[in-house]
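Listed after this line are the structures, all set down as structure tokens.
Note that chain A is present in both complexes that follow, paired respectively with chain B and with chain C.
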Partner chain A sequence: MGEFLRVALAVAAKDLRVEHRSKTALVSAIAFAALVLVIFNFARDAAALSREALAPSVLWITFSFSGVIALNRSFALERENAALDGLLLAPVSRSALFFGKYLANLAFVFTVEAVALPLFVLFFGVDLTGVVGGIVLTAILATLGFVAVGTVFAAMTVRTRFAELMLPLLVLPFLLPPVIGAVQVTARLLAGRPLGEIAGWLRILGFYDLVFITLCLLLFPPLMDE
Partner chain B sequence: MSDALAARRATRRGLYVTTLGLLGLAGVYVLALRYTPMERFQGLPQKIFYVHVPAAWCALLAFSLVGIASALFLWLRDPRLDLFAESAAEVGLVFSVVMLTTGPLWGKPVWNTWWTWDARLTFTLILFFLFLGYRALRGALQDPDERARFSAVVGIMGLVLVPFVHLTVYLFRTLHPQPIVLKPSAPSLPDEMLRTLLVSVVVYTVLLLGFLMTRYGLGTQARLKGGDHAG
Partner chain C sequence: MPSPAEAPLLETQNLERRFGAARALRGVSLSVRAGECHLVVGPNGAGKTTLLRILAGLARPTSGSVTRSDGRRSIGLLSHQSQLYGDLTAVENLAFAGRLYGVAEPTEQARARLASVGLAERADEPVRALSRGMVQRVAIARALLHGPRVLLLDEPFTGLDSQSSELTLRLLAAEQAAGRALVLVTHDAQEAWELATHAHLLVRGAWAFSGPREASLETFLRRCREATHG
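And now, the complex of A and B:
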């Protein structure tokens, strides 16, 4: 287990170092999230629909679309100079490789979400007093599972000719359960509903994470053997 | 060469079973329109039930077959399992199209809307998209080994996703007619209607089998020719 974590952290650190040196992807992903928020504000009829009514959907569309866009980067990075082959040649477990990639993607997506959330508050005038903790917890639970699925799919779609199109096509159906859960929880939190109403949804989100992270750890090694 | 002959025979057997299924389907139409009572409130549109429900059953069955064959492939690495999953996915895509077109045809006169975001509608639409994604990924990969491994992973993940989609969209809201056959208490359907439905389910399953056998035989023939058709 120590070895597993050491390898995973080394891979994650490598990815984040590459990211830190250029910062292009992160800045672009954050700008993308901000643009989605801007578009959303004008994609609604201000007379018919209040900002508050649309707020939960806006937040989760922004989070999930930015997440999918960000995931493309993860293995595109390895395509140059066949870097992935180098990684696969290393005498380490493939699950640990996956976990490293996954951790780096999580860090990336969480960073984008952490910037998008204040922007959302600013643009949509939503009052998060007292519910920030709940929103953050929901964001974490909703993100953990789909980033795991997205990491596995990104490893596949990078080998296709139109990866940018193929990844959303495969991942979006998997986004449905987390997005439904997250929007339900967010809407109830913003409306000041009691915690009892959201506990069930949070459990579903947590269960989804558990199932898909385990499945991805199991399926990544057969995916990668040549 | 004997392999090629066997593959051609398998295709022909598939076509026989398909013909049998199509004859059965003609029988189902006669049975449903002529010998099954008219539903009092829905009238004629209710007859779609005898096509829609069996198609949905076949789509789900095909989808489960894709998932199971995918899991077995990753374990045994037999290319025939990959071909089977490929065939089942394609056949499933056909049945889910039948399901998604007959649904709105019934919904318009009875619900007064072509489409509604009801739990089961959303669920089947996602099933359709999963089939579509699976098919698209297969088409986009060149290397046969890679294609087999990658699509097996998607097949398994898709099968695991299905209960989650079902649960979440169900909790979201539902309007679809509640189960009337597969439910804890006895089926609340007149005997004649139940009989027609069951006959139709059997016929559809035969059709599924026929399609699957034909597609599998054609796939074997294509692979033997060496020109491994993408997807």
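And now, the complex of A and C:
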């Protein structure tokens, strides 16, 4: 386990250092999130649809789409100079390599979400007083699963010619369960519904995480074989 | 029974690799011992890179076997792409590789390796800012950092000017003299002829001939021409 964590942390630290130097993907993902929020804000017909009704969907569309942009860079940086070969050549567990990429992607997507949430409050004028904790918990549960799936699909598509196009096509169907769950929880939190109405959805999000993180850890090693 | 010093560090038997109906490798056997340099020559599409990727463990043969004396740890690979991250410095790239291989004090080892290829002064510069020749030396240092017993090289002189090629050749000669085995894939035998102890010609995925090096480069090149053009 020590070896597994040592390798995973080395990979995650390397990815974060590369992103810290270039900042390309982080800035792109945050700018994209801001644009989505602006477009939804101005495209909404105020007479037909209240902000409160639209807000949960907009928040999770913003999180998931900007998350996919963030995930795209995960293996794109391994494609340059065939750095992926250097990773796969090392005598280490490929599950540890996956877990390192996963940790870096989590840090990356959480950062995008942490910036997008205040922007969402700003554009939609939603009052999060008393529900911030619930929203953050929901974001964590939804993000843990979808980043795991996104990391595996990013690895699968990196060797294809149109990786940037393929990733959203493959990963978005798998994002439906966590996005639906997160939208339902957010809508109920914003409407001040009792905790009992939310608990079931949170359990579904937790179950999705457990199943997909385990599956991704198991599937990543054989997927990396040529 | 060979002594440990004579035992092969890397051995393949009857390697075959298919991509659909196409056979990229057909019955390729190879035995590599310490201090040897195996020159693998062949025209484009002969299967040289496929062979090297199978030797490195990056691809699996369809049939046949590969035996490495110490698993993947015994292998260092210098491909025609550097495997380096352009946004990281040379020392950060090597230190990261060192951490993957469990090298003790990876940053210090990385600096020492970079000094050994004459890049101590440029160790803290991003790889993106280095010349092609320097990047190649960083890549060699990376491939050697964990002390592999066999170094696999895919067209190591491609894109280098004559000075960088000469420097790379000297570095490889020093590693060979220190007992490291080299498997060097190239389309131009002349580049590394002086290192070679064995020479192999790969044509359409199979050895056209394979064995200890000819006495002269001219004889080898004539045999190559005869084998490739009938």
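We take it that the second predicted complex is superposed on the first by the 225 of 226 C-alpha atoms of A that agree within 3 Å, B and C clash if a C-alpha of one lies under 4 Å from a C-alpha of the other, contacts with A are read in each partner's own complex, and residues count from 1 in each chain.
Just so it is clear, contacts are C-beta pairs under 8 Å (C-beta built on N, C-alpha and C of every residue); 3 or more make two chains touch, one makes a residue touch a chain.
Quantities reported herein were computed from a predicted structural model and do not represent experimental measurements.
Engineer: After superposition on the shared chain, which partner residues are touched by A:R6: those of chain B (first), chain C (second), both, or neither?
Structural biologist: It touches chain C, and chain B stays clear.
Engineer: Which partner chains sit in contact with A:R159 here, chain B, chain C, both or neither? Use first/second/both/neither.
Structural biologist: first
Engineer: Give one of first, second, both or neither to describe whether A:G134 is in contact with chain B, with chain C, with both, or with none.
Structural biologist: Touch status of A:G134: no partner.
Engineer: Just checking: does A:G150 make contact with chain B only, chain C only, both, or neither of them? Give me first, second, both or neither.
Structural biologist: Once the two structures are laid over each other on A, A:G150 reaches no partner at all.
Engineer: Return first, second, both or neither, reflecting whether A:F174 touches chain B, chain C, both chains, or no partner chain.
Structural biologist: In the superposition, A:F174 touches chain B alone.
Engineer: Pick one for A:L87: touches chain B only (first), chain C only (second), both, or neither.
Structural biologist: A:L87 sits against chain C, while chain B stays out of touch.
Engineer: Tell me which partner A:L219 touches in the superposition: chain B (first), chain C (second), both or neither.
Structural biologist: A:L219 sits against chain B, while chain C stays out of touch.
Engineer: Who contacts more of chain A, chain B or chain C?
Structural biologist: After superposition, B is the partner touching more of chain A.
Engineer: Which holds for A:R21: it touches chain B only (first), chain C only (second), both, or neither?
Structural biologist: It touches chain C, and chain B stays clear.
Engineer: Would you tell me the residues on chain A in contact with chain B in one complex that are also in contact with chain C in the other?
Structural biologist: Residues common to the chain A contacts of chain C and of chain B are 225-226, listed in rising order.
Engineer: Taking the complex as given, what residues does chain A use to touch chain C?
Structural biologist: For this pair, the touching residues of chain A are 3, 6-7, 10-11, 14, 17-18, 21-22, 77, 80-83, 85-92, 225-226.
Engineer: Using the touch definition up top, name the residues of chain A that touch chain B in the complex.
Structural biologist: 149, 152-153, 156-157, 159-162, 166, 169-170, 172-174, 176-177, 180-181, 184, 200-201, 204, 208, 211-212, 215, 219, 222-223, 225-226
Engineer: In their shared complex, at which residues does chain B touch chain A?
Structural biologist: Residue list for chain B touching chain A: 74, 126, 129-130, 132-133, 136-137, 140-141, 145-146, 149-150, 152-154, 156-158, 160-161, 164-165, 167-169, 171-172.
Engineer: Under the definition above, what is the set of chain C residues touching chain A in their complex?
Structural biologist: Touch list, chain C to chain A: 53, 56-60, 71-73, 75, 77, 79, 81-88, 92, 96-97, 99-102, 126, 142.
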